[in-house]
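So the structure is just underneath, and the comments pick up after that.
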Amino acid sequence: MAQTPLMLDKNPEQSTGGRLRKLLLSQEVILFIIMVVAIGLLATRSDRFLTQDNLLTQGRLMAEIALVALPMTFIIITGGIDLSVGAIFGLCAIMLGWTWENICLSPIAIKSRGFECAVNMPLEVSIVLAILIGILAGLVNGWFIVKIKVPPLIMTLATLALYRGMAEGISQSRSVRGYPDWFYQLGQGDLFGIPTQIWLIIVFSIISAIWLSRTTFGRSLYAIGNNETGARFSGIAVGRQKMIIYAFSGMMAGIAAWIFVSRVSTTRSDMGSGLELDVIAAVVLGGTSIFGGVGSIVGTLIGVVTIQMLKNGLSLAGVTGDATIIVVGLVLIAAVLINGFIQRRSGAR
Amino acid sequence: LATVSLGLLPAAAQDRWDGADDLPTNPLACPGAEVEEMAEGEGEMMEMPAYDGGAAVDAPDLAGQPIVLVDVPKLIGIGYFAATTQGQQEAAEELGNVTVTTDAPTDANIDDQIAFIENYIAQGVNGILFAANDPVAIAPVLRSALEQGIHVVGYDANSEPDARTWFVNQAEFNGIGKSLIDQMAAERGEDASFAIVTSTFTTPNQARWIAEMQAYQENCYPDMTWLATLEAQEDNTLSFNQATTLINQYGEELDGIFGMTSVATPASADAVTQAGLCGEVAVVGLATPNAMKPYVESGCVQSVVLWNPVDLGYAAVYVMRAIVDGTLTPESTSVEAGRLGELQIVNGSEVLLGAPFVYNADNIDDFDF
Amino acid sequence: MSELLELAGVTKSFPGVKALQEAQFSLRAGEVHALLGENGAGKSTMIKIVSGVYRPDAGRILVNGQAVQFNNPHEAKSHGVATIYQELSLYPELTVAENIFLGHCPRTRFGLIDWAETHRRAREILESLEIHDMDVTRKVGSMTVGNRQRVEIAKALSQNAKILIMDEPTASLSEADVQRLFEIVRLLRERGVGIIYISHRMEEVFELADRVTVLRDGQYVGTRHVSDVNEAELIQMMVGRTIDQLFPKLDAEIGQPVLEVRDLVRPPLTRGVSFTLRAGEIVGMAGLVGSGRSEVAQVIFGINPPVRGEILIDGKPVHIRNPGEAMKKGIAYVPEDRGSQGLVRAMNVRQNMSLAVLRALARANFIDDKREFSLAREMIERLNIKAYSTEQIVNKLSGGNQQKIVIGKWLAAKPRVLIMDEPTRGIDVGAKAEIHRLMSTLAQQGMAILMISSELPEVLGMSDRVLVMREGRIAAEFPRAQATQEVIASAMMSQTGAAS
Amino acid sequence: MTSVTVNQSNNGSTKRSAGLVRKIVSSQEFILFVSLIALILTVGSINGNYLRPNNLISILQGNAFAAVAALGMCLVIISGNIDISVGSVVGVLAVISGNVVIAGVPFWIAWLVPIVLGALVGALIGFLVAYLRIPSIVVTLGLASIIKGGLILVTSGREISGMPAEFMISQFRPLGIPMPIYFMIVLTIIMAIIMRYTAFGRSIYAVGGNADAARLSGINDRRVVLQVFIINGIFVGIAALLFATQLQIIRATVPANFELLVITAAVVGGVSILGGVGTVVGATLAAILLNAINSSLVFVGISPYWMRAFQGILILVTVLADLLRRRRQGIGL
């Protein structure tokens, strides 16, 4: 195609060298390098750090944040935010335990003191219920954001209080304990010698990554994040997409809550408080732009892992918790700074 | 969604003060004897249940040898746990063959606390001291510590018994409940009406204490009336606002406020002071001396109930040492704890620090934590 | 005669493009100097250099004979350079008055902003622009392109500039507004202001400019006195070839009605619109700014679904509740504001091209890169877009090339009904001719095209039929034969017509 | 909208004043004000004590220092940024000023210290955001945990007490009204004037509304952002001072969820998180309203277990009221 106006000669990105350079300078690669360097340094400080056991345990511990961070990436890419994930997490945890303990199937009723119940609620059903409630909670966010046009930040600030409050109110701040053993398998057990959580992280990450990067749905999220009007004028069902991702966020919060309850074997209404900030930190560290339009699942995972490994590695190196969060804060800022600098230099955006 | 749950409103159990848990209570006998003896008397009178704690699985025998301990309180950065740490260091120095470092999350967050303990298991320490953010949630990780031959001793906030070896109990819940109510009765009469400012309804210790207070009040001071319990997190301003709200709401009716945390108590005292109601509204509660000095000195608060957290930390280290040295076994009925002397063993696997301590204008300046 | 502004050997390149090479330019006090060139020729780049947005890689800038170097727009401003940019740059959340006086509001003696004065002066300026119907306390965000444009001009005037730069100011104005604008420009010229005027509308150049400078592919081609050149020569200079026919309307045989709308209502601006669109037919839609043309288009396209009235496709009534459904019915809409409605500017050419047809391109919702890539290449070729690669971020393309991408994106949807809102706004003669030729061919292939345009020659040149909108209704309809400047213009404005 | 286009034309000064009334009535501030009064009266009718002067004062006082911080937050949000670190900064500044005065420094210097340091911290944030182009949420998230950690590392959480009485500015009660209320009111008025009547105020809206456009029209958007964060820092400093002197003791910890409270106040107050829109008066009213909501729930005897839920609902209601209003006026968010 010699006569095409594509001025191939003038085009840096077409040459393989250019492509390679572009790849090497991509957000994810930079972050990955930063992470590797950090881990490398930490490894020199403690020989317990890069042991299989430790790594597996860390995988277990970061499950909740990782799972919630996936939908958060979607949401932030569309230029939204969900501050209520922590509260939904708590609500789902409570609903899991509460429905299991207090709901009676025949006669259908909410148990009260000395109430005779023939058929109790099966735990399986409670789990499903809890996750459904998570989805519902997410949908409520989504519905108001889309239909009533409440800005995401405000909406989820309000539901942050609302959902947490419901968790407290419904549970009357009592915690539910004593689940059957099979229930703990998920949170405390292994599969092929690897903690179940890690499998879940892998599965959901792959799904989300493909969903975001390879499908029309994913592409439309980027479009929405960059120019919502433009997206709507291009026939993209902006509202529906948004509803979906907020519901997805609620669902993952629910699943994370389930895993968490199964790991710590009790439910409390204050579970997951502050989760939102940890998740957002991981996502932005992962190179997702808080202004929307930019970001990737790979980046987010790197972000999650980096923070987790930092906390763990520093602790193993004998650094105490207060000093650790100082370092985490510094790394967060530094990483984003370096990345932004390189991105601008390479003229990517 | 909201409406659904609001339908459940009446679900709030009314037979129970807000913020009290619903575990069984055993209120102590009504006044007569002195507070201290009562509590200890209790300790002895109780027929000894069997040891129900766990044990470290084939832990190396380090009797008499240096050991490395880690202390994981609920959180770091508050006066109370600064004090327990101080006590631990003191004990470590006395013993000479113990090194203990305190490390914990910066928020009282069970998830983080678990992560910290996991880290120290990986690091490989000889013993773990803990104050649990949640008795059940913390259990699995503690059990895995025991399995890996790490001794586990709790203090301040317990876990499920089998997840640790021993728990150093600062003062039995019913003891605290009793002395708080007695204080209130002493200051504002046996028909006082009072309100409570607590941290959150989910904090186990506070919930226990409130339950025990209720039980004790109901059978010893039936004429007292409980008005309300408000949550104030661990937050100064909120505690202050809540206390102020109570004062404004109940006006004359309110005779006293119970502060259930070292945050709520001083804040309530301040609210009373700033409302100019010192003497009319009593503030009774749990708090560290430093936090209360201004109010005790100004006379707005007569006395503060608390065990000595320094001693608590101190005892915890001695208990741990005793376990390692084999001098504290499931059969023991008491354990020797340095300057604290012999400590009683109660309810199976708990070491009782002693009776709650009452600070007042005379002695409060002797303490710095 | 004194040179107010002089550029020599100015060079500026961006990654992959030499936007300007050794360009030169000069401006005298009290002259209107037109700057011509194809899309991507470097006009905007040049004026952005003059107004301190970009720093030249090489070259000299002289203001009143002294060499200057503008490090930022502020410095340029302080040298009396005021600019109206091609992409409007207003603050939607601020009021008209605030926008006009931003940064230099009249103050009280306490140094606080004097709102009464600000509003008065704002009205004054708008008056001087013959705009009587604009509320200076209204938020700009809620106004039309046309009206925002006016605010832009008022803004530039408010800082009595010595050098006024207008980058395609008339692109979004309808004839009437253009005339008003010209009066102002002439007025300013009297006052001795030097005006750099960029436009793709030849007739404007001849009507307004004293001199004209032509750029091609970033290089200086030449400067002429308007009196010494004719259109053909200028086009020759711009595109390096002659363009036979500007409005190449090929006649297609007109088939069955494809789209029919029956008294469509959607307050406030669509108040009962009916018309029919046949296969192979190009219908032009004229009207004043605010007459509701875009609104009608957007109602049909489902962006603001109608509250009353019906839409028929092939005679069958259809319900269109959102753009997605409109597309399924074979309707495509090329919006008037490419910046905010047409493009996702941070995305690259390929992604924009495929945006409207993603589902079609995809296999089971998985995007098929190959197809997407080839689609992009095909369109770049077909519309002869100046982009160095399918991966170039559209934001960095010149205005005209951006517009071509919007059109390409909708052609990709292979619509049966194509609604184009100001399709050639800001597009150079060459490209314009291409697009018009394209429209003709599409019509020949049986596509039904509704062309909203504020450029009467275009409407006259391209339409089989002309609809004239006024105040949300179809005021008149003319077959090609009877359609003339005069009848249409009068239909646009007649009695209550002229905006207040 | 078309109605809007009617009432311009140069002659109508009367029309304009009429328009003014309508503007006020249909403003977010007005809505907040009305709902505040409505709330107070309803609760008052249920429990008379609620209307006692003391309680009304407490309602104003409760969030006064949060309101002060919210004023700064408004600027930050309007300029298109956010500050997650207010809580930590307030915490650390309070401790510092406490220690300073304990160390025997004259109390008025101890008053200035947090304000000056606040400005410096603000300058740092502003520099990172404006000149190194790190998104403000990242900077402040990071800073929050840095400060928090640092605070614990240094103080290990020991309370500070024994500050001299003349230092306790929050406890002064000129005319029987607590000092924080004066601060809240005066600062709100000052900010309102700055935002409406100074070029700087305008340029904040401009930068928040369309930073590129601002740059093109010669506004130094970076300097504006820097200044915004410095001013915010000053307000945070003042809030810290009020916080520090509120009680006889200063706890060396970060006030929990303080940033959430402040941000909520700002956005409920009608500041669009998208930047470019908002009023400071609204934020102050919102801060007061939030506190009123808390205490009123106690007064009407809502089960404390359900309080947080009700707070959430009430916040949502206020926000929705504002949105409907915007809808009616056809103002996009």
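Order of writing sets the labels: A, B, C and D. Residues in every chain begin at 1.
Just so it is clear, contacts are C-beta pairs under 8 Å (C-beta built on N, C-alpha and C of every residue); 3 or more make two chains touch, one makes a residue touch a chain.
Here the structure is a predicted model, which means the values were calculated and not measured.
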Task: Using the touch definition from the top, list the chains contacting both chain A and chain D.
output: B, C
Field: Between chain B and chain C, centroid-to-centroid distance (C-alpha), Å
entry: 73
Statement: Here the gap between chain A and chain B, centre to centre from mean Cα coordinates and rounded to Å, is 35
Field: Distance between the centres, which are taken as Cα means, of chain D and chain C, whole angstrom
entry: 43
Field: Multi-chain contact sites of chain D, meaning residues that touch two or more partners
entry: 148-149, 152, 272, 303, 305-307, 309, 313
Task: Any chance you could list the residues of chain A touching two or more other chains?
output: 162, 166, 168-169, 172-173, 320-322, 325
Message: Touching at least two other chains at once: which residues of chain B meet that condition?
response: 2, 5, 9, 12, 19, 76-77, 106, 201
- request: Chain pairs that touch, all of them, please.
  value: A-B, A-C, A-D, B-D, C-D
- request: Over in the complex, which chain B residues touch chain D? Could you list them?
  value: 2, 5-6, 9, 12, 18-19, 76-79, 81-82, 85, 106, 201, 228-231, 233-238, 240-242, 244-246, 248-251, 263, 266-267, 269-270, 273-275, 288, 290-291, 293-295
Query: Inside the complex, what are the residues of chain B that reach chain A?
result: 1-2, 5, 8-9, 11-13, 19, 21-22, 76-77, 101-107, 109-112, 114-116, 118-120, 122-124, 134, 136-140, 200-202, 207
- request: Would you mind writing out the residues of chain C in touch with chain A in their complex?
  value: 15-17, 301, 303, 322-324, 326-327, 333, 335, 340-347, 351, 355-356, 358-359, 362, 365-367, 377, 380-381, 384-391, 393, 409
Task: Could you pull out which chain D residues touch chain B in their complex?
output: 47, 49-50, 52, 54-55, 58, 62, 65, 148-149, 151-152, 155-159, 161-162, 171, 243, 246-249, 251-253, 255-257, 291, 294-295, 298-299, 301, 303-307, 309, 313
- request: Report the residues of chain A in contact with chain B in the complex, numbered from low to high.
  value: 46, 48, 51, 53-54, 57, 61, 64, 110, 112-113, 133, 136-137, 140, 162, 166, 168-170, 172-175, 177, 184, 188, 260, 263-266, 268-274, 311-312, 315-316, 318, 320-322, 325
